[in-house]
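Each structure below appears as structure tokens.
Two complexes, one shared chain (subunit A), two partners (subunit B, subunit C).
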Partner chain A sequence: MARPIVVAFDVMGSDHGPAEVVRGAAQLSLEAPHIHALLVGDRAVIDEALAETRHSGERIAVHHAPDAVGMDEKPADALKRKPGASVLVAAGLVASGEADAVVSAGSTGAGVLACARTFELIPGVRRAALASVYPTRRLHGQKEDPFSLILDVGATVEATAEDLVAFAVMGSAYARIISKNTNPSVALLSNGTEAQKGPPRVVEAHQRLASLPKVRFVGNVEGVDIPKGTADVVVCDGFVGNVCLKMLEGVQETVVELATYAYKEKLRWRAGMAMLSSGIQRLKDVTDWEQYGGAPILGFDRIFIKAHGRSRAGAIANAGKVAAKSVAHDLGRAIRENLT
Partner chain B sequence: MPLLDRIDPPPPRRIYRWDLDKTYLRTEFDTLRQLVRTALQKAHEKVSVPGAPALIRELGAHGDSRLCIISGSPRQMRSVLEEKLKLDGIAFDELVLKDNVSNLLRGRFRALRGQVGYKLPALLESRGRVPTDAEEVLFGDDAEADAFIYSLYADMVAGRVDERILLRVLDAAEVYADERARILAAWKTLPTADPVRRIFIHLDRLTPPAYFTRYGPRVVPIFNYFQASLVLMADGMLTAPQVLRVAGEMVQAGVHNLFTLSNSLQDLMRRGLPLEQVAESLVEAMQGPHQLANALRPVPDIVAAFSRRLASLGTNPPPPRATAVDYVALIDDARPRTHKSRRPPG
Partner chain C sequence: MARPIVVAFDVMGSDHGPAEVVRGAAQLSLEAPHIHALLVGDRAVIDEALAETRHSGERIAVHHAPDAVGMDEKPADALKRKPGASVLVAAGLVASGEADAVVSAGSTGAGVLACARTFELIPGVRRAALASVYPTRRLHGQKEDPFSLILDVGATVEATAEDLVAFAVMGSAYARIISKNTNPSVALLSNGTEAQKGPPRVVEAHQRLASLPKVRFVGNVEGVDIPKGTADVVVCDGFVGNVCLKMLEGVQETVVELATYAYKEKLRWRAGMAMLSSGIQRLKDVTDWEQYGGAPILGFDRIFIKAHGRSRAGAIANAGKVAAKSVAHDLGRAIRENLT
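Let's look at the complex of A and B:
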């Protein structure tokens, strides 16, 4: 029997409480025999939730961590005060080789800091990037994912040209492995498609990427191209990426609110909505972010998957699968090879 | 065994009672196709649950026990089942199978699926054939009503069940009148004793372990037979080398490794079973001069894996408290799994 891939779950971070992460890991233990879950957090809380949940006890272990980082805490201060914080302990277990990857639905800042304190940056990478997936009109890769990858969305607020090139390489490697996209297209986010558009760091990054043979660079894209899915991987700095992502989420929520309003307001509108309901549901199904589990913090020699804070059990299980897939395909090595 | 003992064997000190399907054998009969396939399987095609044959052999190694099997399989499968047990090196003392043809011909359709009316009289009658002081360990699964029936049996023999409660249970389980008469007759002839030490429930359906807390700490839900071996070692019924032999068979079966075994140990400890001493003894046995853990090599990795799982736990919870089982509250568990009133656990 081959050695299983062990994924450490930071149990204490989810908006829905520790039990939801435990249920996600339990679901994973039933669906993926080659993945083992190491639940890191308050042992009593984990045990109580696990005992009530259908799971395979042979594929789950618990590692007690006495502290947790709250969403309202400053990550740096919290990690300094709480060396036993679950996210830090989980990362430590990966660094020591007891686990192969971390999944956390907790504070993004704490996750990035835990990585920085515990893991090593891949040679050639100066700064880490947080990636995220966003639903698009065009399908991507062999799996026909209706998502494209955007990075960075918050780990590195000010990125240099060199950082943007590294992000492009990392995003390309991730899309190749996770979306089974053999030759993903990579674009820089700018205020125009021309090579000379954008701030100096973007113009310089464009020049460098254009001459980089291992990345299929397709030039610049504009904000409007993100939901269209013009490129498989969109690269930007953390400040721009975070603003874009939050705006896109806001637009999506507003559309849903408007639809709800329309449904309640007039009988004719309600009838129209009812007629469209199967189409809307289909759209919802294909763009369901929960199926994609989480997004990676890229640039470190170990795998860290950041799940959405609102992730339910299914999304947590999928995040575990994404983590295991990244480990199985040696994402770190793929990035390293493309950078040299 | 000495010649004298073979001619006139000593009375058994322990009785090990086993179910077969989903407890000893990996059986699927949730659909008609699976049922037919199971019925047509030859002995060598049947697959035992990893570790179960080794555990039975080790439990019988002292020569002072009896192996009694009560299975819901039809009597027509006797020769196949006997051959399978023989292939696994298992010598049994009793093999009770269900007379489903008779039930069918007599139109007793409830008896085809019902477990209480079949297993309870069989257990009580078998108990009548063993010495009063013989201890018992029972092995069942979570597919039907084993936890309920075994617990009820244990408490009936121990005199902890009121007849009115029993009759309510038999009503709820829709037990036929003749089966009811057998149960009452067998029960009333038994001397009061408290012989049942443990009831192991193999989690074939992966029912959440907490579901069984209502049956008290005597019932131990297990994911595999390494877990049963650990508990039996803590109870003084197995030694460390014997547990390692069970683990060895499970690893050789190809479905277990260091990770699954160390996780299994930790799982029991998290449920409050006091196994620290057992873990230490296992580590000592592995490091001993005879290197008993040949099948589990390399020894340092095993020791490290087990130690890590123990060290990562922090403070262990207290052992679960023994409480009286409320059979009336659990009455739905006595009904067949397909019965509409039976709540799906988990």
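Let's look at the complex of A and C:
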């Protein structure tokens, strides 16, 4: 039997507390025999949570980390003051070869910094990118998947043309491996579809991508194409990507609220609005981001999957699977090869 | 009786043809005795459309312009080759005092260029901004208006900190006049609410706005706050604003499509999805952008209202009212005074 893939779970930092992350790893241990979970955090807390959760003892181990980064702390300060912070210890275990990948539901900033301090950037990559999957109107790839990938969504606030090209390569490699989309389309986000549209960095990235053989570059897309899902992978700087991703998160909530507003305006719409709310709940189920488990921090030679802070156990388990898949398909090598 | 306000309508460039703009001005002539419409474009076409439309003859005049900018032309090239283009002639009539404001449903780029070539920038303004109203979850101002204003949405792709401050002042003045919101809240769009979040231009603009007495600056907002409507006025550069505005336009369409997707997945949702579609149609009515008629090009000493290309007559008439209101309340002076 092949050597199992070891995923280090940073159990601290989840919105639902460490026990939820432990439950996710426990679930994974029962579902995925090829993955071993290494739980990193306060040993007493982890042991207590494990004692209350059904799991496969031979596929779970614990590594004590005395500290944790609080959500109210500045990541840089916290990591400086707390060398024993769980996210840093988890990354260290990967760097030393004791684990193959990290999953963390803690602070994104701390995750990116922990990567930067512990891993190496892939040659040709100057800055890291955080990539996020989101539901779209169009289906993607052979799996007819209703999700696109957008990057960067916040790791690199200002990106050069060179960075945008690297993000395109990284997003393409990730979509190929995780979405099983053999030839994902990649687009640059701009304020018009024409090649000369956008700020200079976007115009230059467009030119470079147009002559890059290993990425299926389909040109620029506009804001309207994000919810449509015109491209499988959307590339932008971390400032724009963060604004777009948070807009998408806000939209569903707002549709419900606007429905309520319309409801107040016209009583005869009462029944329709009740149906509308249920319909939106159904949409939410269909497009549940939790099945994707997490967003990768791309650009480093090791795998780091950032799970959403509000992930429940099932989403944590899925993040573990995504991490293991990225390791099994050697995401780092795929990026390296396509960059050259 | 006070001197009427003369609005020059660029009748060329609408998606629905010149007659639709003529019908809008005709409608306005019957509704608003204090506004006179000056129709600028091909005289034969205008006269023919006028002959078929009920209007007040004493409140409508025609000014012939031999050319028009096509939607497939590059604005800079078109304006160079066509000094008789209707949008340029209309702006010229304002510069010479024969009209007080322009309304155009033609190319935005041509509109901004026509302003730049014909009007003066307000002292303290370095770059123009296009501002757009959009529906939000929260109600705004004394009118309990479900709309926020976002600027820039495409006139200035790259904005400096100084530009962002000017946009904040211009947006605030416009919201006060048009939305009758006596003290609109103004926010900077960023990738976090903290003052130090965002690229350097945004961080610097935040600092400057925090010490500007004449704008009610409420700090940074994130993408999620755009559909929520956390602030009355959202300030960003034209690249980010264009992406956001187009995302908003795409979202409604996509919600309908996702509903269809969910519908195909589960037959028992058939009835719910039919209701959902009707509900969304109702939402669309409630949040109809057409009642706002147009988006102002801000920063110049004269008023230019850009109506949506697909505006119907009612929206064109509303754009005329917005233009007249901007003139009556001396929008230019309000901006000038708040900039100093």
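We adopt the following convention: the second predicted complex is superposed on the first by the 313 of 340 C-alpha atoms of A that agree within 3 Å, B and C clash if a C-alpha of one lies under 4 Å from a C-alpha of the other, contacts with A are read in each partner's own complex, and residues count from 1 in each chain.
The criterion applied here is as follows: contacts are C-beta pairs under 8 Å (C-beta built on N, C-alpha and C of every residue); 3 or more make two chains touch, one makes a residue touch a chain.
The shown structure was predicted, so the numbers you read here are calculated from the model rather than taken from an experiment.
Enquirer: After lining up the shared chain so the two structures overlap, which partner does A:Pro75 touch, if you call subunit B first and subunit C second: first, second, both or neither?
Expert: In the superposition, A:Pro75 touches no partner, neither subunit B nor subunit C.
Enquirer: After lining up the shared chain so the two structures overlap, which partner does A:Gly320 touch, if you call subunit B first and subunit C second: first, second, both or neither?
Expert: neither
Enquirer: By residue count, which of the two partners contacts subunit A more extensively, subunit B or subunit C?
Expert: More residues of subunit A are touched by C.
Enquirer: After the superposition on A, what does A:Gly92 contact: first (subunit B), second (subunit C), both or neither?
Expert: So A:Gly92 meets neither subunit B nor subunit C here.
Enquirer: Between subunit B (first) and subunit C (second), which, if any, makes contact with A:Ser56: first, second, both or neither?
Expert: first
Enquirer: Which partner does A:Ala44 contact after superposing on A: first (subunit B), second (subunit C), both, neither?
Expert: first
Enquirer: For subunit A, give the residues common to its interface with subunit B and its interface with subunit C.
Expert: Common interface on subunit A, subunit B vs subunit C: nothing in common.
Enquirer: What does subunit A use to touch subunit B in their complex?
Expert: 1, 3-4, 6, 30, 36, 43-44, 47, 50-64, 66, 98
Enquirer: Tell me, which parts of subunit B touch subunit A in their complex?
Expert: That would be residues 203, 206-210, 213, 223-224, 251, 254-257, 259-260, 262-264, 266-267, 270-271, 308-309, 312-314, 317, 346 of subunit B.
Enquirer: Going by the contact rule set out above, which residues of subunit C touch subunit A in the complex?
Expert: My answer: residues 135-137, 146, 154, 157-158, 189-191, 198-199, 202, 222-228, 236, 238-240, 242-251, 253-255, 257-259, 261-262, 265-266, 269, 271-273, 275-276, 278-280, 282-283, 286-287.
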